[in-house]
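Got a structure for you, questions after.
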Amino acid sequence: MINKIRRSIPEAVEDIKDGATLLIGGFGEAGSPIELIHAVIDQGARELTVVNNNAGNGQVGLAALIAAGRVRKVICSYPRSSHSRVFTELYRAGKIELELVPQGTLAERIRAGGAGIPAFYTPTSVGTPLAEGKEEREFDGRRYVLERGLRADFALVKAERADRFGNLAYNKVARNFGPIMCMAAETAIVQVRRLVEPGEIDPEQVVTPGVFVKRLVEVPEPLVESELVAQGASYP
Amino acid sequence: MINKIRRSIPEAVEDIKDGATLLIGGFGEAGSPIELIHAVIDQGARELTVVNNNAGNGQVGLAALIAAGRVRKVICSYPRSSHSRVFTELYRAGKIELELVPQGTLAERIRAGGAGIPAFYTPTSVGTPLAEGKEEREFDGRRYVLERGLRADFALVKAERADRFGNLAYNKVARNFGPIMCMAAETAIVQVRRLVEPGEIDPEQVVTPGVFVKRLVEVPEPLVESELVAQGASYP
Amino acid sequence: MSETQAKRLGLSRKQMAWRAAQDLQDGAVVNLGIGMPELVASYVPDGRELLYHSENGLLGFGPPPPAGQEDPELINAGKKPVTLLPGASFFHHADSFAMIRGGHIDVCILGAMQVAANGDIANWSTGAADAVPAVGGAMDLVAGARAIWVLSEHTTRDGAPKLVEQCSYPLTGQGVVRRIYSNLGLIEVSETGFRLLEIAPGISVEELRALTGAPLEVPDSLPQIDAPEL
Amino acid sequence: MSETQAKRLGLSRKQMAWRAAQDLQDGAVVNLGIGMPELVASYVPDGRELLYHSENGLLGFGPPPPAGQEDPELINAGKKPVTLLPGASFFHHADSFAMIRGGHIDVCILGAMQVAANGDIANWSTGAADAVPAVGGAMDLVAGARAIWVLSEHTTRDGAPKLVEQCSYPLTGQGVVRRIYSNLGLIEVSETGFRLLEIAPGISVEELRALTGAPLEVPDSLPQIDAPEL
């Protein structure tokens, strides 16, 4: 029987090793898999490369993982945090590496990685500092740069509903990077608000087919990052 | 007010000109926009380039368009028709051009066209006759060929439900090429079984956001291609 | 008259947004950058229906919800709460940028630090050595939207021109800006450089030229922007 | 014994499908090619749950519906009617091939015209000048699925070997085949070429070698395929 449901959050992330690359879902707090990130902090993996649109907020979730010194490199489009100096201070101190990628290129690189496309050309960033060192090429009179597909060892993603096959439905804009990150990871780990029986998610409404998901864990009442930040909470 | 609904099928296709490139949805009969295709036959455009997975069945729909001598070139993965000799005969007589593309490369080329990606590398077809003349390149020790994004003047697509904004939901595997063809056409023309009020399609369940669709026409009871083929029907 | 008021020339920020809003056609698919561009939505003439796109996977959103009804999973690219209008849709990030890059967004209105006479735009980085660089979706938007309009003060806080011969800040994109809606006028970026289309009340062409860092073509007949009090 | 029966060596088609089915692990995501590979689904051992993928945008389908209950919009890649199992999902063609190309399909079982000792496969074209070429999804499947298994008669109808040193037909993919389930045996494609893993009943190694167009490594201990009567 296919059953991707894990009994606990720690069990779902236990084999993330030092040096792993993690795709972490979320745009701002929407879709941020905060419980999974905290479990990675507890679990102890170091020297991580993290792919996320941002660099975390306050002192919880991704910002806490960075503050704990576990992240060697961040690949993201907008590493300015709200209510957080964590990334900025480590970056200025030369203690964390940054690969800055335009947001749409980041999304497309992840989607390409998941789709078996090793590289593609895009008009984004042509003629800018972010195109430096990249191959440039003209198609039909317009200039493009070559970008590489991006894959990772793990994805940490938050979804709304899932069945034991790993079929996912999301909530509103919390969908953001979730579907493509599940595609691009060797092991996609998903925290869901509600586990449902197979068939309860209409086959027409499955956003991420289960084939892209390896592990599920139910988190019925996930922490709300903005509330934690407003309270000045920190993790651990 | 945004209202993409056209009053009649002929009106929806009236400006398709000689020499136009058409993306035509459907995999076999599922999703084939047969009423729109018949309207193109009536309308008279010639020298068309048609992109479809197949080359039509029987003597209706795409096969009828080809039989009517309107198609200069077919871009497809599997131009063997069931119950139809139309394409085969024209091809052998040198009267129609064929660009044979692996099915997944065809889908990815259309998706790339719609996403503003002019070209990408894929492992599909490496070392085969279909890679001949294509640029080959190695990434991380594996060989890939360069393929170009594909765009078109028009897409003809069949969907299940739509609202006046052009938001679409499909029926089962009739979805197939519809969403990506809508993305890749200057003008996507969609026949839908049922027009609904905005909001009736849950925002979570919109498969093709309206931004990709230009025109809609309601066809409540579309012809069933396999029935027509079984009856030996022909168009016009 | 307070010092602040005395310093301000031409249109108010709201009037600038109003002027840009007049040019958004019925049915347009629009992406409004974070900050002043967001004001534009408030001034679209009645009877025009626009579709607003947000990079984080949302099309067809409406104004912010009443206080207390915010949903942390219904936010725009500026991470501010929004509402849904009938006909809205959600999609993932790669699809969202496929819309942008694939030319499916009619107009994107952005702020800018500098715009050059050839349409180059700089709006993401001062290039300062100690700054943490951050780009977001700006480069994708300028490369992909069908029309890029800049909504910006005509000069920096220090009075330096933002419309320049050549950008000194790192570029966001090359040759992409079509129009600039500033507090002093409406400027088109043409094949030959900046071209004034309309001028704000209370400003002379000479004053405007003095505050512009590149040559400005001025037509014989120059309409004045007739904005309401805002 | 009729002439047809007399000519058939080793396993029946159903027994071949049965043998391949035994190797599909619980939980595998499987794409079955059109024709004989479709038979495999009928012989998966009880207690194993597999997910079947179809190129036309369907995951988790089940057996054909009873006559009269076919739905022309619920078909597989072979354009035959199927049913939905709980946990099924629909997706568009680019996503479907992203699954394939991105390595998300565990096993793909295909027919073949020829398989070479280096794993090359030819299964889409005879290269005949007057044939209309048609490839479908075969090249994507062989390039993308994690494991490619071939289910095929050991020889052509004329008795020519299908397992060869080098394919003479146009290739579908290079170095991709891992296993061949034929009517005569189970053959692995190893670094050094064909390697016999199991042999069909009633066949000797010598006979099998004679019907194979490339060297065949044979282990000291060679199990016989113990298929049920099918």
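First chain written, first letter: the chains are A, B, C and D, and each begins at residue 1.
Going forward, contacts are C-beta pairs under 8 Å (C-beta built on N, C-alpha and C of every residue); 3 or more make two chains touch, one makes a residue touch a chain.
Because the structure is a prediction, the values reported are computed rather than measured.
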item	value
Length of the shortest touching-chain route, subunit B through to subunit D	1
Result of counting contacting C-beta pairs for A-C and A-D, higher pair	A-C
Inter-chain centre distance, subunit B versus subunit C - centres from mean C-alpha coordinates, in Å	37
Separation of subunit A from subunit C, taking each centre as the mean of its C-alpha atoms, in whole Å	30
Centroid distance [mean C-alpha coordinates] between subunit D and subunit C, Å	57
Multi-partner residues of subunit A (each touching 2 or more other chains)	108, 111, 115-117, 122-123, 170-172, 203-204, 207
Where subunit C touches two or more other chains at once, by residue number	90-91, 94, 97-98, 100-101, 143-144
Pairs of chains satisfying the touch condition	A-B, A-C, A-D, B-C, B-D
Subunit A - residues contacting subunit D, complex	1-2, 111, 113-117, 163-165, 167, 183-184, 197-199, 203-204, 206, 209-212
Contacting residues of subunit C [partner subunit A, same complex]	54-58, 71-75, 77, 79, 90-94, 96-98, 100-101, 120, 125, 127, 130, 132-140, 143-144, 170-174
Subunit C - residues contacting subunit B, complex	26-27, 29, 47, 49, 51, 53, 59-60, 84-91, 94-95, 97-105, 143-144
Subunit C-facing residues of subunit A, complex	27-31, 53, 77-80, 82, 87-88, 91-92, 98, 100-105, 107-108, 110-111, 122-130, 170-180, 207, 224-226
Contact set on subunit B toward subunit A in their complex	108, 112, 115-123, 139-140, 142, 144, 148, 169-172, 203-205, 207
